[in-house]
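Supplied in structure tokens, the structure appears directly below.
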Amino acid sequence: MNFEVEYTPEQEAFRKEVQSFLKVNVPAGLVTTAAVEAITHEQYLMQRELGRKLGGKGWLFPTYPKEYGGGGLNLDQTIILEEEMDQYGLSLPPYYNSGGNLGAPSILVWGTDGQKRQFLPPIFKGEVRVWQLLTEPGAGSDLASVKTTALRDGDDYVLSGQKIFVGSNHEVDWLWTLAVTDPNAPRHENLSWFMLDASLPGITIQPLDLLTAGGEGGAGSGVKNSVFFDDVRAPASALVGGENNGWKVATTHLELEHGGGGHIGRNRLWERLLHYCMTHELDGRPMTKDQDIRDLLMDIYIDIEIGRLFGVRNYFLTHAKKARSYEGPQSSMWRKSGNLRIAGFIQKILGYLALTTDPAHVVEEGHIELHQRSAIVGLHPGGTVEVQKLIMARRIGIGRTVREEAGRLA
Amino acid sequence: MDLSLNEQQELLKRTVADFMVHECPKTVLLELDRHETGAPPELWNRIAALGWVGMLIPQQYGGGGNSLTDTAVVYEELGKGPLPGPYFSSGVLGALTVLEAGSEEQKRQILPNVARGSQILSVAAQEPARKWGPGMVQLTATPQNGTLTLNGTKLFIHDAVAATHLVVAVRTQASQNPAQGISLVVVDKSLPGVSARTLPGFLGWVCEVKFENVRVPASAVLGQAGNGWPAFARAMEKAIPILCSYQVGGCEAVFDMSVEYSRTRIQFAQPIGRFQRVQDHIIHLTNHMDAARWTTYEALWKLDSDRPAASSVHLAKAVSSEGYYQACNYAHEVHAGIGISREYGLTLHTKMSRTLYQCLGDPLYHKRRMADALDL
Amino acid sequence: MNFEVEYTPEQEAFRKEVQSFLKVNVPAGLVTTAAVEAITHEQYLMQRELGRKLGGKGWLFPTYPKEYGGGGLNLDQTIILEEEMDQYGLSLPPYYNSGGNLGAPSILVWGTDGQKRQFLPPIFKGEVRVWQLLTEPGAGSDLASVKTTALRDGDDYVLSGQKIFVGSNHEVDWLWTLAVTDPNAPRHENLSWFMLDASLPGITIQPLDLLTAGGEGGAGSGVKNSVFFDDVRAPASALVGGENNGWKVATTHLELEHGGGGHIGRNRLWERLLHYCMTHELDGRPMTKDQDIRDLLMDIYIDIEIGRLFGVRNYFLTHAKKARSYEGPQSSMWRKSGNLRIAGFIQKILGYLALTTDPAHVVEEGHIELHQRSAIVGLHPGGTVEVQKLIMARRIGIGRTVREEAGRLA
Amino acid sequence: MDLSLNEQQELLKRTVADFMVHECPKTVLLELDRHETGAPPELWNRIAALGWVGMLIPQQYGGGGNSLTDTAVVYEELGKGPLPGPYFSSGVLGALTVLEAGSEEQKRQILPNVARGSQILSVAAQEPARKWGPGMVQLTATPQNGTLTLNGTKLFIHDAVAATHLVVAVRTQASQNPAQGISLVVVDKSLPGVSARTLPGFLGWVCEVKFENVRVPASAVLGQAGNGWPAFARAMEKAIPILCSYQVGGCEAVFDMSVEYSRTRIQFAQPIGRFQRVQDHIIHLTNHMDAARWTTYEALWKLDSDRPAASSVHLAKAVSSEGYYQACNYAHEVHAGIGISREYGLTLHTKMSRTLYQCLGDPLYHKRRMADALDL
């Protein structure tokens, strides 16, 4: 066994190339902040500018086909890119782009040649930012029960309904969503998948007032919104994957959302917490020398290490194209419930200090306080802990069969 | 044995519950959440006029002279909001500290004003980078010509911005035993050199208070100088179960929300409460709620009946703080997305559960004091 | 509120009477031991003898009607009896008698006058000991799916089948059980309830080899058995509550099994553990002065205190005839899962010492080692933790309706 | 990066798995459970002849010279039984201790016999009423005329009854640092004054060993006197991940049992695995199993590739001990009644999980040593 990612000289050369590029192109003002809501429009524009530059080199969506503007790179190169971005506290893309990350695979699988040429290059080149719109007020875990309709009217579809927990702050170019195209068809056979221009008349985006919007995944997701469709007319060409085939199209990306791809990287939460405890005192000695705090730090460390190893294992399984079973949802479940456990440990260590953003007392620039909130918020996006358990049980072979499980939680 | 409330307590409970429904519905609570003190004067004065601030103050000092259990009945209902504001800080912890530490003269001066709400107390004991306990009190009050001069910082003081007067724990004598040599000084917050500000973040109405050359007369010391901590400890022993009952009320509110939501939220063509995983969240929440409730009730009974209560009080605080915290976590698991929306109301409790978790000592502190009280 | 049981002068006089009686009648050789398997036959006969003496005074089943040999006493008197028995480490009855404790209420509700006169006095007077036979190899949580048949043949029923996890060691006089009397009837409408003479030909009792038999409740349950019925002929008068009405008859006692009655009493496990830790040293000082052990002891204490308060509350609700909801199964669930948690804490405190019965090193005469095993075994008798949760959820109002829930776990 | 076993390891894994299926089916394991040493000589000799006892012993001393990962592959399969017997005590911990502490001469004398199974080692370190760690070693060995005389008691020594030779940790010099002044003495168990007995109860093959005026030559001290603990600590660092892999195998076995049972046990007209509560037990079991597995594998890799491994080894031990313990608890929840029946086989694991929980230090000990290793 070998737990270390080893790089060839070619790969190390690629790393140098990436480093040089980022050194030149990451602007000084592009900071990561705990207060994601507070990312200014100017900073957002810097993120987009960097995205377009990365997109120009095929580095924004590095594993996707060059033909459509992707990088055509392998996973090792992608890791190098992500590691180097991570040095700046940035992800790929360097802004919230759920619709691109999770919509592109669906288009690649289900789109017509024309749709691929139409939709993919702008996404891969960073020309557009896209949000995915899945959840509705009445459709959360039970995503297939969405009520938004898209009824055919001549050459168009007319969309009506509401989606929630969508996107981020600042602008968006495209939206993709699921809507009922056949109200009389059975469950899972009544939906279609649409890629929509966000500027179409009748689309209203309204920010939500939430505990925080972040949670897990996504670069600085900032704010979440409700999106209302009031008789929005979209051309028929916006429908990807065939009428009433939307459920299949949408589920193309689910494995991605369930942590199946794996992850290698630093744990900034741990680094920050440890840094704080090593550099601050309690009752006159370093916090790390307090036995109770030491014990709690080890509880956190163990939780994080297990999560890290699950991620490394998943990364290996993906990379080596090995069979996967329950590992994706396991990793996701661990991270979600682990963050809540860890938030509890942190409050035991820091008490009130874990909770305040007061400049005179804030811990690690607010990242700890944000974690107290995002540990709660992060329980749900991309599938609740219950949904992860459901999938995990199914994969272990003790849940219902696929036909049944698509329709029921239990 | 009788574990039910008496008739008068049942009536009081209904009265407060009605008040909360009519005067503090969710819309009001969401506004209070953004209010600087959590208690706009008109609301504060109305509640004080109802007698709920002065319940624990003996009648000779203008209060209601109620039992701790009576008072807990009220705070349990307030906790259901949760209603913020300096009710506990002033009417319970503040008043009890004055009662335990003050001279007859001081009680006569201070308590009637506290009962009617015209003075608002907050006890300032904790200091930066210190563990909870008497050892944390380091702020010095230098005596000079019949005055004391306070310099230093108190941190994580509940409702200090709302308060008109601070009861400040200061170290007036050095001592091997950290519980000795502490004095409690009543400081008018309008004095020059006193500044308080609310700490922002995922917590509510917890403040930093700074003292820069603040001069008070020696008569501002409650009772005998140097004996402050034991008096404060006696006050805390009685005050803590009231805080616990507020947490119990919080648990009940999130229990009710979660049960209601799990019965009405339909996913996969059935109420989500039918799924065992959702049921289990609510079952764990229920266990935390009931554990908090019954440990608190027993502590109240022991105190009201003059039984040795120390271990029960520590038990109640450890269990209730952890219980309210975990109850909110389980409620979030039940609610998923909607629970994090501020307007839904659950996050008011989540924030309050975090805020109160380490108030007057965190669960580990109380577990260890419980071991001491049990003579282990 | 008042958490203390207060006794009237009459009750205190009753206590004196009980104390005098027990002083005379509890033989010196009647000890409680951790090695319940090791209760000798002589000791068992002492238990039975004491049972008959208690039964003669109506104190064996104190709350039951005098008419049938019960004591006709109220709950306060019963508590006094139980408290005084507890001083000797004994319960009521002072031997394992599941069939009497849980069968008598069913007979009282469902039996004919003749059956009450036939069955109840021998039970209440301690003349017979009775075991209940519910579980079958294929019917555990799903009790209604029993396969043992009792087919009518002339004036008799002929029983065939197997029951497991039954009874205790030494003799038994009667057995009661559920069997299918109408193989063609729907679930819950196909069963009948029988009180059988254990000496009927064709009944074989065979001990099981288990981790331990104890668990929770019951006085020294000793050993568990399989019971085989090979064409056992029972008279029709053995059937209580009407043919095919057995499910209703059996469920009469379920609330009792689910902890609904409440409990007041000492916690011997805590007393023993604390005694050991106060009187033994680790690294040269009392174990209780070790911070880690102190913390773990407090974890245990909190768990036990919560369980005690749940029991006290249930006792009050029962005593004061207040409405009850989920409290019974909550208390049972807490006790069951709590014992497993506590066993874990104890192993952290004592390590290997928690596990051995070696005379030179044993902790508290083997009660701690027994608890390590019985904490596991106790998860299941009288309904698994899952069954307790099922009932609790139903009572909270989030489970299925009664009609459905009788037939399904989820 | 490559997290798979190599071809040779895969072959070894299949060989051991086959052996377990054919030579150690459940009937045999149930018999071994009642056997005094867990390893009847014929079975012990066969396994030693297969080379699985001497795997970690270098070839020049008659062993297989395998890597730790190779060895872990074998122990993971043995743990699935769980196969009892002094395989780990002698072939892993014992052999590694001699390797780390012994002189060349001592290695040549002892290790070939250990590899072929004709000598069986058990390291005796722990003592009554002492916490795990070097401070527990108090047993004295009095030097006199070129001999050492041992007096005292060692407690909770794994496989001491099965052993032919004990490696006894004794204190030969007093020191401020408890890790200094400890010597490791090889004691032939047949010497007068040595007695060992297995402790009965809910644990397996853990013994008390008494030394009454036991005389050994000074040459029985491994390597240099007084330097025993550091050598033993190095041996433990390598041995512990092998013990962890045995625990991982145990987790796998109870996982397999639980999945199988939940798929085939029908209640309420469906497999119990359909119920979310039963699923959740298995999910938690799976998480414990995988946490144990991957922390163990990473520790093995670090050791085999000569990386600093201390914190990973402590992590693996803390996680695997807790994991095996909890995995058995969850398996019992899944199995209910049938799981407590001895003949079903689950209780073999339950007992083993308890037995190994504090072997070579309990999880809390290793968490704290991990903090030290991480320089916190």
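A, B, C and D are the chain letters, set down in written order, and residue numbers restart from 1 in every chain.
The working rule: a contact is a pair of C-beta atoms (placed from the backbone, for glycine too) under 8 Å apart; a residue touches a chain by one contact, two chains touch by 3 or more.
Values in this document were obtained by computation on a predicted structure and should not be read as measured data.
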Chain whose average C-alpha position is farthest from subunit A's own: C
Centroid spacing, where centroids are CA-atom means, of subunit A and subunit C in whole angstrom: 53
Distance between chain centroids, defined by C-alpha means - subunit B, subunit C (Å): 43
Interchain centroid distance [CA atoms averaged], subunit A/subunit B, Å: 40
Contacts with 2+ other chains: residues of subunit C: 389, 410
Residue list for subunit D, restricted to those that touch at least two other chains: 274-278, 280, 364
Chain-level touch network, classified as line, ring, star, complete or other: other
Sites on subunit D touched by subunit B in the complex: 275-277, 280
Residues on subunit C engaged by subunit D in the complex (per definition of touch): 135, 138-142, 145, 164-165, 208-212, 280-283, 292, 340, 344, 347-348, 351-352, 355-358, 360-362, 369, 372-373, 376-377, 379-380, 384-386, 389, 407-410
Subunit A-touching residues of subunit B, taken from the complex the two chains share: 128-131, 135, 155-156, 199-203, 206, 208, 266-269, 272, 274-278, 325, 329, 332-333, 336-337, 340-343, 347, 350, 354-355, 357-358, 362-364
Complex contacts: residues of subunit B adjacent to subunit C: 1-5, 69, 259, 262-263, 271, 273-276, 278-280, 282-283, 286-287, 290-291, 294-295, 297-298, 300-302, 305, 315, 318-319, 364, 367-368, 370-371, 374, 376
In the complex with subunit B, residue positions of subunit C that touch it: 1-6, 274, 277-278, 288, 294-295, 297-299, 301-302, 305-306, 309-310, 312-313, 315-316, 319-320, 322, 326, 330, 333-334, 389-390, 392-393, 396-400, 410
